[in-house]
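Structure, as structure tokens:
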Amino acid sequence: MGSKKFTLIEIANFLSSDFVGDGEQTLSSLATLQAASAGELSFIANKSYQKFLASTEASAVILSADDLEHYSGNAIVSDNPYLAYAKVSQLFAYNPEQTLGISPLASVDPSTNVSSNASIAPGVSIAANCEIGERVIIGENTVIGANCVIAAGTVIKPNVTIYHGVTIGENCLIHSAVVLGSDGFGFAPDGKEWVKIAQLGGVLIKDNVEIGAGTTIDRGALDDTVIGKGAILDNLIQIAHNVHIGENTAIAGCTAIAGSTKVGAHCTIAGACGVAGHVTIADGTHITGMSMITKSISEPGVYSSGTGMLPHKAWQKNVIRFRQLDDMARRVKSIEDKITEIKGS
Amino acid sequence: MGSKKFTLIEIANFLSSDFVGDGEQTLSSLATLQAASAGELSFIANKSYQKFLASTEASAVILSADDLEHYSGNAIVSDNPYLAYAKVSQLFAYNPEQTLGISPLASVDPSTNVSSNASIAPGVSIAANCEIGERVIIGENTVIGANCVIAAGTVIKPNVTIYHGVTIGENCLIHSAVVLGSDGFGFAPDGKEWVKIAQLGGVLIKDNVEIGAGTTIDRGALDDTVIGKGAILDNLIQIAHNVHIGENTAIAGCTAIAGSTKVGAHCTIAGACGVAGHVTIADGTHITGMSMITKSISEPGVYSSGTGMLPHKAWQKNVIRFRQLDDMARRVKSIEDKITEIKGS
Amino acid sequence: MGSKKFTLIEIANFLSSDFVGDGEQTLSSLATLQAASAGELSFIANKSYQKFLASTEASAVILSADDLEHYSGNAIVSDNPYLAYAKVSQLFAYNPEQTLGISPLASVDPSTNVSSNASIAPGVSIAANCEIGERVIIGENTVIGANCVIAAGTVIKPNVTIYHGVTIGENCLIHSAVVLGSDGFGFAPDGKEWVKIAQLGGVLIKDNVEIGAGTTIDRGALDDTVIGKGAILDNLIQIAHNVHIGENTAIAGCTAIAGSTKVGAHCTIAGACGVAGHVTIADGTHITGMSMITKSISEPGVYSSGTGMLPHKAWQKNVIRFRQLDDMARRVKSIEDKITEIKGS
């Protein structure tokens, strides 16, 4: 994948940043300071890596002005080297040439409108009355139900399943094995069995959303499930029916969000969390990994739960005590009363 | 999706319920009280929504006799409006017309028997010696191994994978990205490496089961993994080899159930729980979200675990104390002894 | 699946074990002691099952020398009956005959090199510049991106997605709905939105690895994500970018491992655990189910977290006390001080 090459000056211009050293130095890929070899560009986003600056074999480094005194090679000077690295990484991204048009091995309903510069891979099925926008890329064996909209610039990887009535905005990226619009988990008990509640809503995914591999987003019961603009979801996340995720909120892998919950904008939810149904999470809330969120959060801040890890034997002893905590608390209160009595006597 | 229309009287008859108002009122979809507009049917299943009855624009509402005094419009009177809503929702469900028969873009082994009124979509593969029953619908790109039975009325969505030797009963609904019959996680250590235990059992799914998107159900090691009649499983659930799930048990998303565990009938297991292997859960047990179940439960009831959420700093302080709990318990005991001594002295 | 038959002597020879009884006894499948019927082979790996030896209908049993006094039938005597069972199970494994070559319903880029005795099923897509080794089997509708290597003897089940630049070693088994090489969850905040960090690394899976259904393994940001030789991963596991999993490590279902974490060799991580990013887990570490691992583990041993399950009401009381733990600890300290004061006075 080293077929793309840029000069230092080209990259500095792309970033609107200053550079130091040989502007004609050619750079063919990105690497960490430790792993970089000649011809590669690196970056330093954390002071603890300054120790690697002296010995890196990178042919140029993106760094902050403060780092310059530790480094004598070619450099791009950035206020935010990590953000600069993110932007430059896209120059080196793998973007295979797409075959425009509909593969002869795809099945597209004649009522569906596919932009002439979209790319529909072999094995894709698209049902009736969909709109597939400009520059949309749909990977192999992805299946799209009726009445869906896939807006311009969105990329859908192979083996994705999109049920009917799902709308996806512009410039989204949907990874493989994602399921969008499957039935919400809605059933009414009739006293003996579960009676299915048909899930009549859809899924609305706004612009610039990324959804990780294997994540599932259920359709709404009556209204839509909604993923806000710029939200980023990692792998194997479960978003239940009628959930709303706010703009630019980030959710890490294996988190589950139950039905009708509203997560605000600019939140971060770490991995393997569980958020109960029908709760509201304030904008700007941060939740640490494996937390169990059972109530609404109205004050932004950082929230956590769990016990943390212990060696098993120590954990066992403490867990037994946890199960006696209420009793212990009562005993402490009783002791306090007795001491008051003793001291008072 | 508003192409289906029913009169109030038709819906009342369908529910065997009484109605109030204009029986000829036409209803073309379902909506919440707050979102409903003219021509839509709504329902009220919770007294806290009575405040919306006066202002709803719905053309009819399913409600209980008690609600009638708060509402003057067209109504269907039900003992259980939520259940009535569930039943009526099915009238409005999206049921695209199916193309009967086997798509020319599907691959079906000639030894497999497909009912003439089943529907096999493009990209489907079905291996040898399967039985595909009446009215079965198999979605695009689903793959079915040899020696499977899919009984009458079952719907399998696109991109499902069913390994060999899986039996699915009547009227089941299997959502996309589900995997049924993958190998159980069975290995014997030989002192240096893991030796795979071939998984020789199958999967048996009884009638009226629904399985959510991305859920995986492994085949048994020797005997079958079994999902009982009427059980409902949400998305991204892991069911390990030789698990038995009882009839009408409901399991919410992201729960994992380890090998050989037997979950009883009429249980509810909330989302993101973990149930250890080789345990037995009594009929009628309810487990709250994110619980860790490490032992058998012989008494029905509600079970929980976890610490609940706290602001991060408060949580940090308490977690440190959790790790000292056993020590603190010993100190409390010592204090009690000293107080007895003091008071006795 | 009872079409394979072996005599007792054949199985004893296969295991290099001694046998007792009729070496010509024909055995056509494996079963538990309780379920076995005539013509079946069973095994006993746990003394608690000795009670079933007298009544089993199995035609032969794999057992240890100690068990012989409880059993008078045909037997294979093994130092490690469980390991012997694992090995014998493979004799009875389901191995359908594969059609060699590339299905006419598959799409393989002409630049890709497919071994003449590999088997590529209908609906498979393989992009440019891949190497598909000898005896590789690729199941229906699996999609493989450019520049991948699938080494000899590896089996990839249906509906798997492998992105570009993924290397899989020999004799691996990749189950359905797995995604390998999807983008790591890397984004830099620009103050308002998330800027995607192109994920330029790949995935390297070494020999003899098994990966369970629905598991996702992200590609590295710059370097590769690596799964060590002989590692076994269960279903619905999330492996983030740049994680390294050591040789022969076993990870159970629904566990999530965050970015850049290094798990050592010969570890076991039970189901539904969460391991934070950038931590290092020592070789030979064992982590119990649903544990939250937030720090590096440098000493091998058994580690745990969580509170264990309680009846809901008892749990509620204790959880409230958990949230007061720091306060209670301070009160206990205060009591101790007062008692010292009282006793000293």
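The letters A, B and C name the chains in turn, as written, and every chain counts its residues from 1.
Note that contacts are C-beta pairs under 8 Å (C-beta built on N, C-alpha and C of every residue); 3 or more make two chains touch, one makes a residue touch a chain.
Small disclaimer: the values here were computed from a predicted structure and weren't measured.
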Smallest count of steps, each to a touching chain, taking chain A to chain C: 1
Chain copies touching (chain A, chain B) - same or different residues, decided at half shared: different
Superposition rotation for chain B onto chain C, Cα-based, multiple of 5°: 120
Euclidean distance of C-alpha centroids - chain A vs chain B, Å: 25
Residues of chain B touching at least two other chains: 123, 141, 159, 177, 214, 236, 254, 272, 306-308, 310, 322, 324-325, 328, 332, 335, 339, 342
Of all residues in chain A, those that touch chain B in their complex: 107, 123, 125, 127-128, 141, 143, 145-147, 159, 161, 163-165, 177, 179, 182-183, 185-190, 192-198, 200, 214, 216, 218, 221-223, 236, 238, 240, 254, 256, 258, 272, 274, 276, 287-288, 291-295, 297, 301-308, 310, 314, 317-318, 320-322, 324-325, 328, 331-332, 335, 338-339, 342
Touching residues on chain A, where the partner in the complex is chain C: 1, 29-32, 35, 80, 82-83, 85-87, 89-90, 92-94, 96, 105, 121-123, 139-141, 157-159, 173, 175-177, 208, 210, 212-214, 230, 232, 234-236, 248, 250, 252-254, 271-272, 289-290, 306-313, 315-316, 319, 322-326, 328-329, 332, 335-336, 339, 342-343
